[in-house]
Amino acid sequence: MKKRILSLLMASIMVLGLAACGGKEEPAPEATPDTSQEQGGQETEAPAEQPAAAEGEKILYSNTGPVEFFEVPWWNLGQYVHSKLLFETLIGIDNDMNPTTETGMAESYELSEDGLQLTITLRDGLKWHDGQDVTLDDVVWSIEQVMTPGAGMANNTLKQTCEGIEGTQDYLDGKTEQPAGIELVDDKTIVLKFATVQPSVMLAMSLFPILPKHCLEGVDMTQIQQDPFWQSPVGSGPFKLEEVKIGEYATFAPFEDYWDGVADFKILLNASSAESDDKLVTNVKAGLIDYAYTKMYSDVQALRDVEGVTIDTVPVNYTRWFMVNQYPKAAGETNPLSDKRVRQAIAYAIDKATICEQIFEGAAMPGTGTLTPTGSNWKVEGLEEYAYNPDKAKELLAEAGWDSSRELKLAYYYTDQQTVDLMAIVQQQLAQVGIKVNPYLLEGDVPGQLNTAPTADGLAGVQWDLAYGALSALSPLDYYSRFAEGSSGTWHGPYDETLGAMVNEMLSTADVEKQMATYAKIEEYYADEIPYIALYYQPVWVVTSEKVAGNVSKWGNPQFYMQWDIQNWTLK
Amino acid sequence: MAKYIGKRILMFIPMALLMSFLIFGGMELTPGDFVSNMISPDMAANMTPDELNVLREAYGLNDPFLIRYVKWLGQIFQGNWGYSLSSGVPVKDIILQRLPVTLELALTGLVISAILGSVLGIVSALKRGSLLDHTLTLAGVIGMSIPQFFFGMVAILLFALNWKIFPVGGRTTPDMVHWWEHLRYLVLPALVLGVTQTASVMRYSRASMMDSMHKDFVKAARSKGLPEWRVNLVHGFRVSMTPVVVLLALRLPMLVSSSVVIENVFQWPGIGVTFKEAVSAGNYPLVMMIALIIVIMVLIISLVLDILTRVLDPRVRLE
Amino acid sequence: MSGESVISVKNLKTYFYSENRCNKAVNGVSFEIERGRTLCVVGESGCGKSVTASSIMQLLPKLSRIEEGEIVYHSETQGDIVLSKLKKNGKEMRSLRGKDIAMIFQDPMTALNPVYKVGWQIMENILQHEDVTKEEARKRTLDLLIQMGIPEPEKRIDQYPHEYSGGMRQRAVIAMAMSCNPKVLLADEPTTALDVTIQAQIFELMESLKKEHNTAILLITHDMGVVSEMADDVIVMYMGNVIESGTAREVLKNPVHPYTRALLASIPILGKGKEQQIEPIRGMTPNPHNRPKGCQFEPRCDFSCDTCRESMPGEEILEGTHMVRCHCWREVPRE
Amino acid sequence: MTFGEKRFHKKLDKIRRLEEEGVLAKKKKGSRALSKFMSNKMAMLGLVIFTIIFLACIFAPLLTSYRPEVVDLTNLMKPPSKDHIFGTDKVGRDLFARVLYGGRVSILVAGGGALGGALIGVLVGSFAGYRGGWLDKITMRLSEVFMSFPQLILVLVMVTIMGQSTRNIIIIFVITGWSGIYRQARAAMLSIREEEYVQALHAFGLNDMLICFKHMLPNALSPIIVNITINIAAFILEEASLSFLGLGVPMEVATWGNILNASQDMYTLQNAWWIWLPVGVVISLFVMSINFVGDGVRDTTDSSIQG
């Protein structure tokens, strides 16, 4: 019998040892992980597990490689690394999201005083990777594709701007060969005339990658993503596709005819989704990633102390918020959430500062009254911050006659662990001020459940009371454009005349100064009314290894095209 | 024997059909569809429902369930396995590219668990009651009790990150010239998959080995003066092999299931991961074909193993 | 006991240790097996007759061992070999098994390996002990099958055990045993599983082999009819001891020990009609783990006295080789 | 004489000496199966561990004053200390409470699934096995369909159909788990049907249902119990893998799978061992104990394997 117990001990020690020493080997740090902690011995020398590059040939590793296809770059304007390598935008864009002529196809551009006419002159010598010349035909063809209705794979701002060109409707009805508003002055210059003022015309045109007409001509826009072209696309960017194994990796070679310098290294992208790459940490530690960006703060925690890895925080227009459904659920009943005091109480009841402090260790900025992220020059300072103040919340609720037995349904659709933890925190903090909230995961047709329009007799189309979501805005205008008259975005509350009027006024001019002035007025009104409650503004983090560090001092928003001129990087 | 195989293969068809209908019905009942999954909710925040409908129309998601099923079935018989809704790549290409990768992992796991399991089973059966026997049995039970993905992640942590013996994941890198270079990537996932299966094969082969050791013909063999290894292996094990092979046939579907988890942990570009993505994305042509292929693959391999048991055991052969 | 002895067993004690208990299966047994003669070992099941045979061949299960006593094999070529001292599965012991000493088992259904051809299993024995070519071995196997009276040997040699009938399968087992002309054949109840007509053929076959090859046969049975027909010498065993032994005529004609007499009395004799009196032996064999102190048969013996309860009777020679182990055999009334 | 042989002989000498002193004779004998199970130390150990964990989960409120879902932002990721025995997770919840309350859900899901599956499996299996005919053929084909289909993939499709909730997971486990026990029950029934005493019951004119369930089933019980234990163990592990794939019980409900899943990233694995090690050990111990109990039950009935 003694033997059986002996063997029990031996076997379990063997297996548990295997499982435990993984954790034990790194000395467990004190509670708050931000104190420096001494890293396990093996990792000190450079990550040895570098797949052997051919002798002498330098390779830059990154992620967002194609999982099933190369995504049409008109949808997420530059979110994938390969979009930024393969394609080039009509007008260049710098790291502050302003148009520039240092990059992009346009040698020069000029917007008329009234913002209705845009003249663009292309650089000469622009070539496609397959050797063909880039011509204005490609530009016109690309604009025409984005205009077509049902072009599912086109970003909304880009689509609205192109649809704003004169004669669009006639062209779509087949009356004209080409929209009247597009005029070819000579083989290098094009003039775009707009029927109505497009507020973010410059932003749209500087995030508008041009596609090769000769490869994609005649494709049905609704099925464009299914075209074989997207298995190995041809572009005019600084790198061209060398070899691709869909779902595993894709390698890019420098494009020798590129007008702005030729790189002396190749690039390898591991296949991963652009939204969240759960293998990022493992691959960085194994030396399989030299450049990548992440929105997950857990990745940052894991990588902060890895030898030779630098992490840069990049403020972006990304706001996580609670959408509030103000429509009544049953006939004859008014929805308490339509009373702004209840919304304000909710804002006061959530301890946004501690959440950002504890969960994100100060990397996320607590939400204020308005949607614009702190740090953006469009944000108006000094407005109501809605800092954590449970007593004020209780006061407001009492004033509004809030019935504490009522249970609010809080919908969320992110499935990462951080979201679930956040829901638990919010549920508990709201409970402390007497608001019962039941968070549940949205499944199946999520867009449908989030944005159903109210029924004819004014009842709520959506089931939830609060919905945790986010808006990654191209430009700050996008935050408030949804409140404009008849805009397709507002379904969660009745149209607000004062707010709607201000927004329309802002959108009616392309002059940035005028837009910012109206924007400030909107912010003031919004801070009091808070139809949607801003929870926190989340930056994006760029992770770079020793090989790449120092090439770029200031990063643009990596989710869009930016001025990183990767072809001129020098790898260590 | 040929008649028997013929009968079994004929039996596949109704089962495969029943299976495909079950899954097609299942996909149909899933709330939401491909289009709603394709567009991320953040993006859809400012899209009108009718824009979504235009897309649904384009993908043919609006025609009734039965018509889509018949249309899909019709395509299959013409050899056109349909196109993945998301990437437009023919489903046949995706499967032909990804299935061998999963088979490579699953079959290596099967071989490891079969060989390791039977050898350890024989050793612990012969040394019944010894310290080795108890340790092996316990290690077997412990091996069966640890969740696979947990085992896999610890394996990555130890062998790939801390001791740098094996790569962290993935299967091929561009600088691979010969086919065998990627085997280094196969070791860890196959080992993790194999070890968890080995435990049950070992327990089963130990029981069936002990059972055959009690039989008279083993005593008769020993009475012929044969050396101990010949008595145990040629006579003892040879007879106990048949039930072990039957067990392997039964455990095969389990192996495919666990390879879905292992592929997820080790970034192994197999059909399991693709299937999971396709199911949650509602990409029904891809889901249908992968499910069908997996079922047919499992049926074929269990038929092969079934025939193997007949070859192994003459008593059954005449039936 | 006129022939020349092949195997002599002296005071053999074999104990079993399964389930952490010690069971004295064979508790001091001595006898001789002689060339050309059949020694019958008879007794109820559990008296240790099979254990004795296994001890000779060293085929005992793992949790058992030969405690005391000696088994000596008088080989014509290598002189006397003490079998009980040899390493259980050692090279020397294995060279004797199947070549000099062969064994056949009770149930023909399980004695042959179901997954190999019968011919192959017989050839395995030949190839193990003699370096002959495969064809040689196959030819000898064919001769053996013919010698055993198995019809169509060409077809039969390549068939599997489940394609043989019970009787034929036992013939195949005997063929396997006799394949190397063993000096001694240990047969552990070879015919119990067969029906009577087949039994007669098997015994006739064993007789002819004995005549032809002068093989010594140790025949284990619990059927006194078989003893009267086949035996040259007899030993009667009860609870691990030999309680009476001698030539067949001495023991059968003049049984002395009450147990032997009771065994002989409990056989229905052909032709004696329905009313013949058969008295079964009262009681049951005692549990091997708690044995009675004195003579093991005492609880069931009608003539037992105090000394039987006290001490184990010693061996007494009556006349010639007729031995009995009983205190009060004299009180047993002779017919 | 090698070391092994010396030890072997020493052991036998000891037993012989004890036997001769009559010490061993005195042991009394309870019911054979029960004593066999008791003598199997591993099975007893398994039973003890199983009961400890099971009772700890049931009486969780007595063992810990913490609630599993209470968030406490002041101490996140604290290693085990005297007031937090298993430490706290990323959001400050007490892990010891989560493991206990999580155990309730996991055991409920796995146990419910296995027992539900067993119920259906035994009912259908025994009746089909006993009655035979077309009923037997259909159920056999159906079970073959379920058996030949990789379980996890079937579960994947059904979870996306029915959505993720504890009740759905149990239903799914029942639907995918019944075929194993169905075959076991059917095989047992087929062999028992040939027994003489069943023919005798026919002769007495008892109706089929009575014979099948009252008389035949008890004999087939032990292989079924063994199969149930295997299923419970398998479902606990499957619940963990499902939550790893993000399809298990919804995240906010504390279950063993969800707790383990929370430590999926390398940072936790390397630095916050107390988040995954205790729950990993508890899961393994629980599953191991069930397997041991299953072995113990199987050994008591399977006569061929002696002590």
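Structural remarks
The first chain written gets the first letter, and so on, giving A, B, C and D; residue counts start at 1 in each chain.
Heads up, the rule we're going with is that a contact is a pair of C-beta atoms (placed from the backbone, for glycine too) under 8 Å apart; a residue touches a chain by one contact, two chains touch by 3 or more.
Just so you know, these numbers come straight off a predicted model, no measurement behind them.
The two chains most heavily joined by C-beta contacts are A-B.
Each chain's centre was taken as the mean of its CA atoms, and the one lying most distant from chain C is A. Nearest to the global CA centroid, when each chain is reduced to the mean of its CA atoms, is chain B. Distance from the chain B centre to the chain C centre is 54 Å, each centre being the mean of its Cα atoms.
Chain geometry summary: the mean Cα position of chain A and that of chain D are 46 Å apart.
Chain B and chain D have Cα centroids separated by 23 Å.
Taking the mean of the C-alpha atoms as each chain's centre, chain A and chain C sit 90 Å apart. Touching of two or more other chains is recorded for residues 4, 8, 15, 19, 22, 25, 40, 282, 285, 443-444 of chain A. Among the residues of chain D, those in touch with two or more other chains are 42, 163, 264, 266, 269-270, 276, 280, 284. Those residues of chain C in touch with two or more other chains do not exist in this structure.
Listed by label, the pairs of touching chains are A-B, A-D, B-C, B-D, C-D.
For chain B in complex with chain C, the touching residues are 215-217, 219-228, 235, 238-239, 312-315.
By the touch criterion given at the top, residues 42, 141, 144-145, 147-153, 156-158, 160-161, 163, 233, 237, 240-241, 244-245, 247, 257, 260, 264, 266, 269-270, 276, 280, 283-285, 287-288, 291-292, 295, 304-305 of chain D touch chain B in their complex.
For chain D in complex with chain C, the residues that touch the partner chain are 9, 11-12, 15-16, 18-20, 24-25, 306-307. Contact residues on chain A toward chain B in their complex (touch as defined above): 3-4, 6-8, 10-12, 14-15, 18-19, 21-22, 25, 40, 42, 48-49, 51-54, 67-69, 75, 149-150, 152, 156, 220, 222-223, 225-228, 230-231, 243, 245-249, 251, 268, 270-271, 275, 279, 282-283, 285-286, 288, 413, 442-448, 450-453, 469-472, 478, 481-482, 487-489.
Remark: chain D residues 41-42, 45, 69-71, 73, 75-79, 90-93, 163-164, 246, 250-252, 261-262, 264-267, 269-274, 276-277, 280-281, 284 touch chain A in the complex.
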